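Before anything else, here is the set of structures, which you'll find just below.
In the two complexes below, chain A is the common chain; its partner is chain B in one and chain C in the other.
Presenting the complex of A and B:
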């Protein structure tokens, strides 16, 4: 491999790699604003300018490929002076409203200002201001904070495949806006907020909800479809405030869709059943009860009946195996089927739902259920009197005609009013486990919050179901 | 128009700058029109580029890059079509020579482009003309029609087997589209913003194909070079590495402004101003000279004995640029002039890169404040700091173009600025 020298450190590189990426590998961080590894290089912000020996002008590290024998310096007075100048230029028209800005604490402009900027301002002219139009339900725009890096424009053009973010006017008056001031239409709009290096594009969903430095972050995997995008779930006080994309070049690169980003909301939905609930002998609707009674009802409803087990393909491999074991040991002849997306019953039927990330299967572990040997559920099935339905939170509940129903997992009350009993279990952010995406890649869920309400792990529920109750 | 040439040297352009020279008939009769392209078809591509290199023709748009060398950068084989683009954006303030070429001798440009297209292997050419030149665009279109009809453009030109199509593309009035990569973006229908280089246009230019972008005067000089040889052209110039004659655009406070043609390196600024342009209006004293378009650092009255050519200008810290000489007399407010120039660059910055977008406006604001009588002592140092932070730091040369005049005006005419700051108004007013 060819080698270059960056700040005295020898660095190997692949031909074509730019100086920023090579430097990163040997522990030299070059500050950037407009550069993003997932987007084309435009060299506009000029923050990454470095000194290259034998070159009289500073060169932008983003647009300069490393070359054999190249000697790069990133901390010389010339480089530092440029960084200071760029920070000054970017801040003269910036409102500096960090105290009320949602980006504060995770803002490239703020961080680079702290590291490279001057504590004093020499600007006494009137600041440039813009009026902001509404950009639709996902993104809140604040153009006054914008530093014209054009990441959003490039994201739209190159990743989302839609030319909706544009630059209008020219020079100092350049405004980054939507084409013809229309609302955003891409189903990937949340990424605009992820990649914005300032508080210019923020999530309406997250607006004024939480200071970013209070958020605890958990690296996990999205359950929105069979791609399994890598995400970071951010919580405080056992409440999730936000999901953002996490880099995985083999699965989702740097992006997630809005459906996946906002999917977590059901976890905190007020209609989620968080206590065991049963339909008593007389009651027409589900009523909260204790775990003992809930399980007792479940046992009684299913005892001595023909039972079918339905496993949501939104559950983990481990949960699937536990259910199989339970069905085998306790309900010997009972069949086990999986359900999830009515139109996608097998991995053969799965495929890309759009050219970006979304898959047709709206559950995360269809591949895993097949690996466990579980067959898809046929809605015309009538061979049982009782269905025990296990569900993670995404799988679409099948219609179950003329069967009594017991639910184990995550349900909203209106979905399960006809059920005999609900035993609340964990959503994807409350548990650990393994899911297999459409590529066959095993990925791990990690719990971001503690189980809500009285919900328990499926393993624990089945253990008590099998071993507890009245002794015969 | 001008009787200014050394007796022994022919002028190439200026004697033809008259209305009757426009049609094809005149070009064929009085300028040996389209004979040179026939000669070129008999030469190899390497021979033509070789003559261009020998000629020391240096780009007349402002950067003075040797044209032959530029043509040599075009790859012989290319999977994508190659293009020859004429930069007729002529947007550097003070420059108006290309307009005369297009207005009076459009066929000279067309013939130059056919030869250029043949030399680099391009079958498509564009003339990107600034939007304000509506009349010239129409004249070019008419000339192109004439040339198609007579078989000098189109398929199998003069039986050579070489095809060349030429189209006029009008800009929408942006200075930045004179920068060659912004021009190409604009030509492709995109926002007129300069591209990151590399790749240079010779590798990936218009529509991704190898592209040469040359100024009007540059391309219009090609027929003379191929007709008479590169050595002949090089010898027209009086200095090393600077061949041919050159059109100068003189404007401002002189008695006889206009377009002049001199052999490269044959005259000083003083000769141009006082001999050829008959001195300053009203016989006032000279205050300053902008020697190469508004982006060239300004010269004081003491600095005009410099030879008006590429290297001598560069040696004294300014540039010949597009050879647009703006002459300023003693009674004109230098702060007002710089405010106007700074406004221009702020207005014309494309806005994509930070130092130019923010710096050009900031400089303009400060200078405007000084002119309005609200300047402060620290403003001058601040202005110089900003020019340091903008110059050589931007994506294209517009940042340098904006910083150069500000730095040179403030350094060379500091007393004028201080008088505005301390007195609150122009001392000359």
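Presenting the complex of A and C:
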């Protein structure tokens, strides 16, 4: 491997790598605005300029590939002077909006100005202001805060595959906007807010909900489709406030789709069943009850009947195996089937729904359920009197008109009004487990929040169910 | 061996000491300045920097606060609770602004952290009430001081 020297540290690199990436590996931070590892390099913010020996001028580290024997300095007076000048230039028209701005606390401009900029401004003229047009349901634009890094334009062009953000006018009055001021149409619009280095593009969903420094972050995996994008769930006070993408070059690179980003909303849905509910002999609809009575009803309904187990393909491998064991030991020879997306029953039928990230299977663990040897559910199945439905929150419930139904898992009340009993269980942000994505990659879910309401893990429910209410 | 000291009769009855003590007492009673005040009628003047009851400063009837959450961040007692919202005349404003006075330790860090000069500690020090006091925004928005 060829070597270069960055700030006196010897760094190995692959030919073609730029100086920023090499420097990051040896622990040297070079400030950037327009550079993003997932996008093409334009070198227009000039913030990353570094001094390279035997080179008369400063070179932008993002567009200069490292070379054998190159000696790079990132803290010389010349470099520091350039960084100070660039910061002052960018902050000339940047409003002092940090108390209002949602980006504050995780803002590249804020961080870099703190580290590399000057605390004083020499600018006395009036600041440039723009009028903002609406950009659709996902993104809120504030053009005054923009520093013209064009990350959003490049993201649309290169990743989302739709040229909808453009820069109009020239020079000082450059404005980043959508073509003909239309609303954003891409299904990956949430990423615009993630990659924006300032608060120009922010999520409407997260607007003013929480300051970013209050949020506790948990690295977990999205359950929106069989790709299993790596996400970070951010919560405070046991409430999830947002999900953002996490870097994984083999699965989702740096991006997630809006469906996955806003998928967590069902966890805090007011219609979610969070207490055991049963349909008594008299009541026509589900009424909430205690765990003992809920399990008693579930036991009585299924006792001595022909039972079929339906496992949502949004559950984890561990839960799938627990259900298999339970079915085998407690309901001998009861069939176990998986359900999820009505159109995609096997991994052969699964495929890419669009050329970016989305998959056809809208449940995360279809591959895992097949690996456990569970067969897909056929809607014309009629060989049982009682169906026990396990579901994690994403799988689409099949129509089971001829059978009595017991639900275990995450349900919304309108979906399950005809059920005999509901035993609430955990959603993907409340439990740990393993899911296998369409590539065969095992990924771990991690609990981000404590279980809501009275919901319990499927393992615990099955254990009490199997022990028949006897005291241990 | 015990030694018996002979003392004069003046010393035996402490006459001189009693006279000395009485002299100090009478001097303080008649001529020394008062250290206490007659509280409800007479009030002590506190410095402008005194940290008493909170209020939210308003300019032309609009509260200065932009719900930036720096005061709950810096508050060591975690007594401030804010919820942000949006309204036509102000991009971000506090929908809810509550100060739990029982938790507050009157350190004044909220005042120091505020970038908008919105939360202030006034000179008011009479805050005793008979039940737990969580003051909401409408109460705090009354202008209680001149800072």
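Operating definition for what follows: the second predicted complex is superposed on the first by the 468 of 472 C-alpha atoms of A that agree within 3 Å, B and C clash if a C-alpha of one lies under 4 Å from a C-alpha of the other, contacts with A are read in each partner's own complex, and residues count from 1 in each chain.
Convention: a residue touches a chain if its C-beta (ideal position, glycine included) is under 8 Å from a C-beta of that chain, and two chains touch if they have at least 3 such contacts.
Keep in mind that this is a model prediction, so the values were computed, not measured.
K.L.:
Clash or fit: chain B and chain C on chain A?
P.N.:
By the criteria stated at the top, chain C and chain B fit after superposition, with no clash.
K.L.:
Touch check for A:147: first (chain B), second (chain C), both, or neither?
P.N.:
A:147 contacts chain B only, not chain C.
K.L.:
Would you check which partner chain A:100 touches, where first means chain B only, second means chain C only, and both and neither mean what they say?
P.N.:
second
K.L.:
A:86 contacts which: chain B (first), chain C (second), both, neither?
P.N.:
First partner only.
K.L.:
In the superposed arrangement, which partner chain does A:213 touch: chain B (first), chain C (second), both, or neither?
P.N.:
A:213 sits against chain C, while chain B stays out of touch.
K.L.:
So in the superposed three-chain picture, is A:125 touching just chain B, just chain C, both, or none of them (first/second/both/neither)?
P.N.:
first
K.L.:
More residues of chain A are touched by which partner: chain B or chain C?
P.N.:
Touching more of chain A: B.
K.L.:
For A:306, using the defined touch cut-off, is the partner it touches chain B, chain C, both, or neither? Pick first, second, both or neither.
P.N.:
neither
K.L.:
Does chain B (first) or chain C (second) touch A:253, or do both, or does neither?
P.N.:
neither
K.L.:
After superposing the two complexes, find the smallest distance in angstrom between C-alpha atoms of chain B and C-alpha atoms of chain C.
P.N.:
After superposing on chain A, chain B and chain C come no closer than 27 Å at C-alpha.
K.L.:
Mind listing the chain A positions that touch chain C in their complex?
P.N.:
Those residues of chain A that touch chain C are 98-100, 104, 207-209, 211, 213-214.
K.L.:
What does chain A use to touch chain B in their complex?
P.N.:
Those in contact with chain B are residues 41-47, 49, 57-58, 60, 63, 81-82, 85-86, 88-90, 92-93, 122-123, 125, 128, 147-148, 150, 167, 169-174.
K.L.:
Touching chain A in the complex: which residues of chain B?
P.N.:
Result: residues 174, 191, 196, 346-362, 365-366, 369, 382, 388-389, 392-395 of chain B touch chain A.
K.L.:
Where on chain C is chain A touching in the complex?
P.N.:
By the definition above, chain C touches chain A via 66-70, 73, 84-86, 91-92, 115-116.
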